[in-house]
């Protein structure tokens, strides 16, 4: 299989380059900074746009097609945080609460990585099942809850923060409201509704993602030093685990009857580590956990790894697995 | 115009805590509060963006006993877990009654 | 006449659903909040976009066609605040200043409701007179002035705030500058000018409106408690008066020679209650008036009522009246 | 470095009043001011969005007599109608002359 | 040559009218104000968009075609600040640091004026060399450095601010990062990359520029009083020098082998005075210089002059020169 | 809860200087800082927009000797060139050790 074509297409996409520009600007100590209104506005846009588009596609999905992939997705969401936690604690020798926090991030999913995957598949004209965005929304939450429970057992601070980090708080968090609400609006409005909002929420989506990734790059660049401090184990973890999760996700997807496109998306979701929903939840529910440990690896290692190497690889694996 | 002394408690806290902090303040008898957006750095690292979380700067004018209660509540319920900085200063206001627990509001 | 088709089309439009999502998020105490830069940016966009589009259409309008609808519109703008004021004071037993404030809001017009009406008509491929956006801009101001004068007679605070709330201040307010200035730019630039800005100010308009309504929904949800406190009279007022004003507006529009589309728009304008321009003006000029009374009813009752029930009804009435 | 005492008047007011408040401050001899955006709640309800109106937080450093005049003017002309909170504190600055009415500016 | 057609097209373009609306609103003391998030967001968008579009065009440019115009551009960038400085100091009797600051602004280039020129040429379907946006990015920096060096010799404050205003700081400034980074992203991504971001960064560009110019107009209106105070010499300078620089730029462009379109762009760049990059740099590096002197003339005189009179004139001159 | 006195230094400065000011504060031993966006006017004219430049409002809580050093450094290195306003006030905090140079951080 030719991996170089897609790889260079990924590497040279405006999205990846904007991320790299942001990292470079931060390392060069540029005064470029996104104001609050812009950063938050971009996040709101992306979450809502993904929800709306996904929701509109949901119309006409038969529950019968949906349940097997749903089970596969939930299995991933439960298993990934558990073994990440064990690994980080035993082999990585991280404190319980840090291990739990990182587990929550890697068990949850990244909407930006998901978008990069969709862009990649669209570029190859590969289709995927219409319920994948719904899986994205569903997969965001469980691992965060699991990670929080794991961390809470060990941390007095987290226990006394116990009124937070509950299911209720997660389901009313910005991320769930926009993604879930967007899905509902898209689904209820159907293609007629989507046609009305597409010129804002679909056509320029890729450009907005590029702008957002410039901002993500700025944060990542500022956080690179954290990575160095947190040691080689974490950095290795942030490459190896996504690869394993990606392969596993593709395999489970195939077993659940997804086509190559859908299996690639499921692999990508499994491989991705959250950096919008999970940090916001963990910040409040596991305040003891160190942001240096849970923010930098997803941003600085896993995200670029997935976009540049992972997604093409998962797709290559999916086509091999499912075609044969 | 006669000025009387009151206490201003300023709380710098993660913006995620806004509604819970405000809830506590109201329980303790604050008659109002003012919030602005802030970035910052401290022992819990940098808080300067949407992804990393940002701070709020919460100001509440209260009478001295309430100030004491606010300080205690915030230090007990929030400070041990979260990176919160809190300071108190004495200020002068025109009609102190406005800021004393529920009673004496100017409306 | 079939009212259900349009009704469900309205109910399930992304705009209405986004508003509902915002209300739900606020009631669930979600942490979703639009930052200042985004909220204000959306307002600036909407006002300017409506102005620009309307202005471009004004080219080629003959004054002869315009004067009768203008007189109808002005009559509505003068009469509505007067009778609302009387009603609220006598039957509603509101204080003078509160009655005056609410009268200003119901006499003025809502640009968002106007936009919803235009979207509705566009969906049915119903055309309307090209000078309707100009009427929108004109109808924004008079009722606010009248309401302020009514309130000022009674309130010492308002009198001592007298340097504000003047015609000059209203005409240089954000809302008038953007709407009026947009009209002028659109009119001077004509269709060539409009072609240059349409990809920003026309194509994605509906999507931006959807995003804005999510924010409006958040405010409305936070304000729902106000509504309960202010009693049943106000809530009934906020449904019945718009219905009356809508019917009256359609009838006057028909009498003034408007087609069914234009009469629907005039009815909608009459029925709508301002929640951008009027609150800003009243806040400064009638500081004694209670925001709980003048903000919640237009947002939480009249706006959704008009969008879901009112506009289709005014249109049904207009087609009956004018076709026959 | 020698510090001298000055008065800091902080005004929390509806943002619609910004230009009028600044006009008054200048009339009273303030040599400058600083404004930031704020949200808040008090006896006049919640002010937290574009539609509901938001607050500004206006800071002005002045000498004690000017501070007194600022307090009086704001309390007389604005406070009775509008929801305004105002407080005064004593601060230390390096070159006090900069803040005393018109004269002594550092440019 | 017919100058009136293009002139009225310029005068009545939404861009120019929005600028005028902003000036009028500020003079009327309107409460219209762009929040930080919106203003900064618009600046980031414009710089990045110009970079991206320019970069994508760079693919396939032969260095052989590029060097002569590059030399012409650099010559302008070095010469303009030097003679502006001399003139302002000797004839204008300005202080050294003020003269240097203004020289930096007029020697550097205005991305907004550049955009207006491109819009003008596109309107006439006149093409220009694909490397013009790269020239824009290159021409931004040198004059600022020269101006700063000139000012620093005279000002103790500037010398003690010497750790700033260095080449490094300029090259990592927001403006250079976005423009230069955009060029790089566009160039690496090529037309495939550009196609992905064009719906955000190209299609609505003109509309965004219009919105931005409304904000620029607001600042300009507030600054008009500065202009009056700074005397007639500066105002005359702000009209006459651009005209000279424009003519010179066109002539040098023609000599360097540019077509009429490219020569018009080079003339416009020479004639334009920076109001994004230069003020930001001068503020830090020449803190003694008076913003009233270096902000108002580019905004309030040179920019509108160039857009309304200059660009059509440079183009007329370019076509005469190069056709013959 | 026991309150102890500390010094709060507030610096209003052009936002372009943010990273340099923060660098200095860290060198001088500040354990943290808080920044918010501000507009303003003073002897250096209006600072109220992206094009004209805006201000930051930088707060740093330090012990009295550090406060003195911060004041001196800012006044020497920045104030002469740039339009900077700086003031100091005495505040009360809960655990003063958190704010004394490097040592005593609460994490």
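As written, the chains take the letters A, B, C, D, E and F, and residue 1 is the first residue of each chain.
Assume a contact is a pair of C-beta atoms (placed from the backbone, for glycine too) under 8 Å apart; a residue touches a chain by one contact, two chains touch by 3 or more.
The structure displayed is predicted, hence computed values, not measured ones.
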| item | value |
| --- | --- |
| Target subunit F, source subunit A, minimum contact steps | 1 |
| Of all other chains, the one whose Cα centre sits farthest from subunit B | E |
| Where subunit C and subunit E are represented by their mean Cα positions, the distance between them in whole Å | 41 |
| Between subunit B and subunit F, centroid-to-centroid distance (C-alpha), Å | 20 |
| Centre-of-Cα separation between subunit E and subunit D, whole angstrom | 38 |
| Per-residue overlap in subunit A, given as positions that touch at least 2 other chains | 29, 31, 34-38, 40-41, 203-204 |
| Interface hub residues of subunit D, defined as touching at least two other chains | 16, 36-37, 44, 83, 89 |
| Set of all touching chain pairs, with the criterion as stated earlier | A-B, A-C, A-E, A-F, B-C, B-D, B-F, C-D, C-E, D-E, D-F, E-F |
| Subunit B-facing residues of subunit C, complex | 29, 31, 35 |
| Touching residues (chain side subunit F, partner subunit B) in the complex | 1, 3, 6, 8, 22, 31-37, 61, 89-94, 98, 105-107 |
| Complex contact set, residues of subunit A against subunit B | 34, 36, 39-40, 43, 157-158, 160-161, 163-164, 215-216, 218-219, 222-223, 275-276, 279-280, 283-284, 287-288, 290-292, 295, 299 |
| Complex contact set, residues of subunit B against subunit F | 10, 12, 36-44, 55, 57, 68, 71-72, 75, 79, 83, 85-89 |
| Subunit A residues touching subunit E - in the complex, by the definition given at the top | 9, 12-15, 17-18, 21, 24-25, 28-32, 34-38, 41, 119, 203-204, 206-208, 210-211, 214 |
